[in-house]
């Protein structure tokens, strides 16, 4: 075993190499947020409008996404789709780029959480707002679009901020799937030195900064929106 | 029995108390009058150190403290001479009516729990709440909460009870009931200092009135002297604005 | 390797994974327990602006809040791997890193994270108790410590309960990450039979099902507890 004390020169040495992999992490966050929120809108809508059968399915979906670890979901999605595609279509997808499975897994996971946030936010808008919107001649769609959703967005914003920070942290698990993201790259850069801790230090630093940035962004958005439509 | 000298307090740039002094004898009922922001609430809160004055000397009973060299121990000892009734009642939200009264007795006064409960039951009965001993604050109306607040202060048997606008947050129809309770307490000989906006009440309950404006005592004297015979312009204009009208039927 | 789902094998994975439920439960319980203690201490230090310590924790919390769980686990694992034997040697204790129950490392790392997270929620809860409650407590002769113990904390706690419940669930799921530092949790447990013959689909399905049942049940139970607490302290309208 070599010298094990903490080496600041390795911290500096590793940093650019790990920083290079940050786009991988960010792409997971972006793709998950984009597709996750689209799915979440549908799920929330189905649940709010209580569309039979689909409503029950969505309840199960949301419960599963919230109650199982993302890492289990990721592997389950992978092995599950490999099996399904193989038996049903005879297509072997095991060789496909794994990053797409990661995007899909995180989008599905996030949508489970986001659907609940959206639903809660819409329910948080006083019912009278819908009555008032209809009384001025809006139909339900217009009422949602122009009156309810803008107010719900204000309610949802703080929780969404937390969820995105949590997603940012969860996205690091992609390395367990063989994705070379920031964490995945640590093994590579430390292979010759035997010093992993310095790599973890770099990664922790990057994620801490990212989390602060996301928090600041949402804090800014909150400030921007609250004075426009304050709910009392 | 209470002696206050040169009390000063500033919040940042805002000098709220500019050297206030007065004295109160045992059994006195003193009311503090003044517009909002005149410093009367700050003054009453300084007496038990819920607010720390910057300068000045406070003597209550045999305990004298100097604001510039007071210790934590002295603060606790000074507080043990007083009790307070708050504008917003400020009952302990996690405790029921009985526990609200016993809490200070048991923890602060070191009185055994059964004795404290006897005292509390007795006092809550006196303020007309014997049916609601187990009720939590959220289950009580504003008037009921303030009754508990008064019982909580009385239970401590302090040298002086401080009332900070005890009826300002109440619905008009229950203000009278609470004022009657306070009057009954006053008649039993308890020393009290009351901040209030109820002019008729102040006139009839107190034997000493202090008018405070912009952090200074403008005038002090008997209710008659301040309300009816004041020569001070500031007092007169304040009374005119507060719709105080001398009504002989209150004055026997 | 056949591609269809082997149901008997799935049952085997289910049994092997379910046997590990206690591991997840005690890792989560211990982490949340320590997190509550240290979280409360940090929250109090920050609410009362204790000199020196308060700014230190402010920075520490801001930075560590963003650190991913897996990173925290890996850091503590590497630290233990590097130093545990040296420390044991120094004290002359015959106990090596190999013998060390890795769940202890997971508990330490997760305790640090939950202390940070819960300190934020406790801080918010303490701040939401109105100032009048302190005044009232002091006015009936309570000391600062008594006011905290008998008045403020009992009112703040129910406000923090929902976050606390989320944390318990989160920590049970974090057990699956502890699997990365070779703790045999529900996931690793369910995969033990699968590792022998590469039938991972059955293994992960079993793991997912167990986690689902455990977390959803716990959520139901915690929801009931939450409602009880919510009714205990209600703001005066």
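The letters A, B and C name the chains in turn, as written, and every chain counts its residues from 1.
Here, a residue touches a chain if its C-beta (ideal position, glycine included) is under 8 Å from a C-beta of that chain, and two chains touch if they have at least 3 such contacts.
Keep in mind that this is a model prediction, so the values were computed, not measured.
Taken pairwise by the contact criterion, the protein chains link up end to end in a single open path, with no chain closing the loop. Most remote from chain B, judged by the distance between CA-atom centroids, is A. Chain centroids computed from C-alpha atoms place C closest to the centre of all protein C-alpha atoms shown. The centroid of the Cα atoms in chain B and the matching centroid in chain C are 48 Å apart. Rounded to a whole number, the gap between the C-alpha centres of chain A and chain C is 21 angstrom. Chain centres here are Cα means. That of chain A falls 56 Å from that of chain B. Put simply, chain B touches chain C in their complex at residues 45, 48-50, 76, 79-80, 82-84, 86, 88, 90-95, 103-105, 107-109, 136-138, 145, 152-153, 156.
Of all residues in chain A, those touching chain C in their complex are 4, 63-64, 66-73, 75-76, 79-80, 82-83, 86-87, 165, 168-170, 172-173, 176, 183, 196-197, 200-201, 203-204, 207-212. Residue ranges of chain C in contact with chain A, taken from their complex: 3-5, 62-71, 74-75, 78-79, 82-83, 169, 173-177, 179-180, 187, 200-201, 204-205, 207-208, 211-212, 214-216, 219. Across the complex, chain C meets chain B through its residues 130, 132-133, 135-143, 146, 150-151, 154-155, 232-237.
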